[in-house]
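Structures are listed in the sections that come next.
What follows is a pair of complexes built around subunit A, which joins subunit B in one and subunit C in the other.
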Partner chain A sequence: MAYEEVKVKKPLSLILLPILSVLTFFVVWELMVQLDVVPKTMLAAPTQVGSLFVTKLSDPNPDGATIFIHAWVSAQEAFIGYLLALGIGLPLGLFMGWFGVVRGIARPLFELIRPIPPIAWIPLTIFWFGIGLGGKVFIIWLGGVVPCVINAFVGVRMTNPTLIQMARTYGASDWQIFKTLCVPSALPMVFGALQIALACCWTNLVGAELLAADQGLGYLITMGRRLALPDLVVLGMVSVGLAGAAIGVLIDYVERRLLAGIRR
Partner chain B sequence: MADIQETIQDLGRQGSSIADEIQQTVRDKKPLTIRRIVTNEYLLHVLSMTAFLLVWHQAAVSGLFAGALATPWQVVERFQGLMTDTLAGLTIWGHIWASTQRIFIGFVLASALAIPLGLFMALNPYVDAIVKPVFDIFKPMPPIAWISISILWFGIGEPSKIFIIVIGTFVPCLLNSYNGMRLIEPELYDVVKVLGGGRWNEIIQVSFPASFPAIFAGLQISLSMAWTCVLAAELVASRSGLGFIIVQGMKISDTSLVIGGMIIIAIVAWLSSLLIAGLEKYLCPWKRDIAGL
Partner chain C sequence: MQVAALKPDTKQVKIEVKNLTKRFGDLLVLNRINFHVAQGEFLAIVGPTGCGKTTFLNCLSKLIPTSEGNIFIDGEVADPKRHNISFVFQEPTCLPWRTVRQNVAYGMQIKGFPAAKINERVDFMLDLVGLTETQSLYPNQVSASMVQRITVARAFAVDPDLLLMDEPYGQLDVKLRYYLEDELVKLWQTLKSTVIFVTHNIEEAVYVAERILVLSNKPTNIKAEVNVDLPRPRSLIDPDFVAIRKHVTELIRWW
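So, the complex of A and B:
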């Protein structure tokens, strides 16, 4: 190697500050509630949320299910929607990037759907699918499919034109170029889409459950509001956040394993 | 030889890569065949839109969706009516204005807070060490999950909707300005150093301009997030706005109102993103577009 990696020792304050800031955050939050700076009807202290979480592990009251069932229902919906979004969005985006005919047909429809926030589809899906699994999966799918198509499309469009010209010179067919040049060169973007689509799916899941659900983490939040129980609301928000972060880490790990040999 | 050099200079002046231009000219020289007419993208655009509208019309007329689908024409008629008639005291323009106003306030507030904070975090490791961990706690929480708590805090009026928009737009704005600033090529800083500039020159002449494209990308994401948030907030509780139109349509089972509302949202959201793109082109004209490749 031409240069060696220099290990810079972090100053101690830079290691301590993050821990301190998180601690301060929680302490201030706790004190604000305990000292009645914020009314108890508006915000629950972290300790309350923690104890409620422990109770909710086994107690289905007051919203009708334990936290695991809520989480399981949400995860199921999100997962089906996400996989469908990947399965349809990625190939569509790849084809749209390379084949002019596919682009010509799909692009105007896609451009029409793209700016509509998936949340706006909720009323129509309730008409069409009711409030069951199907409707929510549809909303989640809509949220995930858009970033999948865009990323796969851009990935193909970013293929080095010199390589394509070279392949043409050697007499490669359109399909061969697509298969051996465009798809591999789009892979990093495609994997980027996995993360983005997951975040979109998760956001839309909460949206879908806010309006039409009888189980799930989003429903937990809504019930908390209806019953005016801030600890339930905060618990729901925290679980949604934690679950989202956990899935994010998982995808990141998978991505790193799969992309090990590909230069970013 | 002189010819080639002139051509290259010409191409350089047009601002795109030479490889593109050559590809372009080759493409233009292809003879006009029936195959080329049939596979023309614009013709296909028109065809697919027409087919879409026809299928939609047929599906609506034949009652495929249990009657819960208005024909395209019904939607147009409904909204022509709404231009002069009122729904809950406002014409369609009033509702559009209500939503846009909320987005505008929330968007400006959030970007005014998030962009400087992100830049500051990227510039100063201590600010980074303090703010980043707390921000990381909030980052994975979908903004829509905040709706319930914002209703508990602010009631169902304007402030709660603006709060949601601020929450939703804050995260992508901050992330992008932070990453945009951190991913600047170090060579650019070296140039400033070689030319004898100090830290301040680095920040003003390299950091800011170089992070603009990333910031604008963040603004675009924020904007679409803002539309999602405002809709979700309006769907849950409101008396005006485009989300209210949709919810009203759902309550009275008027699908033409629902679909029309969705289309108007699409148009307004698209226009607003064009506005940001225009601003970006004006503020950072050096940015190259990958769409041309």
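So, the complex of A and C:
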């Protein structure tokens, strides 16, 4: 009987506290603006942002596009950059983990380029690509490719050495060991990379759009600054946050479905 | 079943170890080891703790290079890419992302056996070790003894020229051990592979082997050779069995 009672009852306070804290945050924010504690030129109240959001659903003024178009442009850029980061970063990391030659060639370069924040590349990318899609995809790709390489690399390095010995005694070639042992061993880390890389891509997207864009959520924030419209700035920030959270939930869902199939 | 003592001089020599020496820097671990194993023989190797059994096996399986001397299979220098060498490790080496069936097939796939032959052979091996019903499960879904049976089946499946076993049952409890030792003897009798079985459990060595090599302390050499000329199935309380077990124990204890 002693082991039967595993019903975990969440105390009411634990359910209420998060709701209360969020509510308090918005109420204080609203009051600070409404009571002129903070000047209206410096911050927009949540209610203003909300009404602007409803307006921006259909009105392209003053920044040239509806919020949906901004979000769509940003999402496109983020996903192209993300997919390219996966397509190049994961194989590179996997090969670097197992093949000494690839590691010898790619590692020093990678370690040199890695510490440079992707945003530092923006001026160069403007020279190279202008302010179109290409430049932003490049910045986003730079941000996403690093965690892909690192995670895939570490995943391969974590392959159980006894398994490699076992394969060696059967006379396995390096390629056979890579294919049948290293890649499957690295999969959990690779799935981790999917999530980390997407977060990196999304963050860099805003950075890229702040400086070089004519559409997108980051551009919306820049326009808000130029036109001195704090509500537009906050709307851009909130949209980025919400979209990022939504993507996180989506990836989490996909990953859980896929890992269920792997059944480790 | 009566199995006559298979002395190397009466049977074809399969494995020949000549002058096997291994040094790690100044440390001499294996000192000029010479012995041979007949075709289809079951040889056990026992020795005191820390006598270099693992190094010895790693040399035999060509996982590490020897300092001097070599191991010959059918008169040729052993090579994992040309010869069928199988190794059953003490720790479980099942691939967690493969089913029981795919695990048994792994060695044959590495060796490039044709798919039809692999299928047929896997069916045969699964039946022999009693894993047919669990063949589509993953290693983390079966018991520890089954996991070791998977690796043993995988090792026998490639029809090895030389099967090396490094205390494969060292981590299992006594009852399962007896059961798996019987199964191992049955596999060996059915498939007629040449087996070198390393263990520190003397009773286990006397139970399964036809011949026992006793190793000395480092630098390791062969201290003695004991023929186990007992009928099978063997009894642990048969006076002859006990006599051999005591003899080997003495050999290990005193030097």
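General remarks:
In the analysis below, the second predicted complex is superposed on the first by the 255 of 264 C-alpha atoms of A that agree within 3 Å, B and C clash if a C-alpha of one lies under 4 Å from a C-alpha of the other, contacts with A are read in each partner's own complex, and residues count from 1 in each chain.
Definition applied: a residue touches a chain if its C-beta (ideal position, glycine included) is under 8 Å from a C-beta of that chain, and two chains touch if they have at least 3 such contacts.
Here the structure is a predicted model, which is why all the values come from computation and not from measurement.
Of the two partner chains placed around the shared chain by superposition, subunit B is the only one that A:25 touches, whereas subunit C remains out of contact.
Of the two partner chains placed around the shared chain by superposition, subunit B and subunit C are both touched by A:162.
In the overlay built on the shared chain, the residue A:101 is in contact with subunit B alone; subunit C does not reach it.
Between subunit B and subunit C, B touches the greater number of residues of subunit A.
When the two structures are aligned on the shared chain, A:227 is found in touch with neither subunit B nor subunit C.
With both structures placed on the common chain, the touch criterion links A:42 to subunit B but leaves subunit C unconnected. In the superposition on chain A, contact of A:172 is made with subunit C only, not with subunit B.
Shared-chain residue A:181: touches subunit C; no touch with subunit B. Contacts of A:250 after superposition on the shared chain: neither subunit B nor subunit C is touched. Residues 162, 165 of subunit A lie in contact with subunit B in one complex and with subunit C in the other. Put simply, subunit A touches subunit C in their complex at residues 162-163, 165-173, 176, 180-181, 184, 187, 262-264. Those residues of subunit A whose C-beta lies close enough to touch subunit B in the complex are 13-14, 17-22, 25, 41-43, 100-101, 103-109, 112-124, 126-128, 154, 157-158, 161-162, 165, 202-207, 210-211, 218, 221-222, 224-225, 228, 230, 233-234, 236-238, 240-242, 244-245, 248. Against subunit A, the residues of subunit C that register as touching in their complex are 61-63, 79-83, 85-87, 89, 91, 93, 95-97, 106-107, 109-111, 138, 140, 158, 164.
If you check the complex, the residues on subunit B that touch subunit A are 19-20, 23, 39-45, 47-49, 52, 65-66, 68, 125-126, 129-134, 137-149, 151-153, 224, 227-228, 231-232, 235-236, 243, 246-247, 249-250, 253, 255, 258-259, 261-263, 265-267, 269-270, 273, 290-291, 293.
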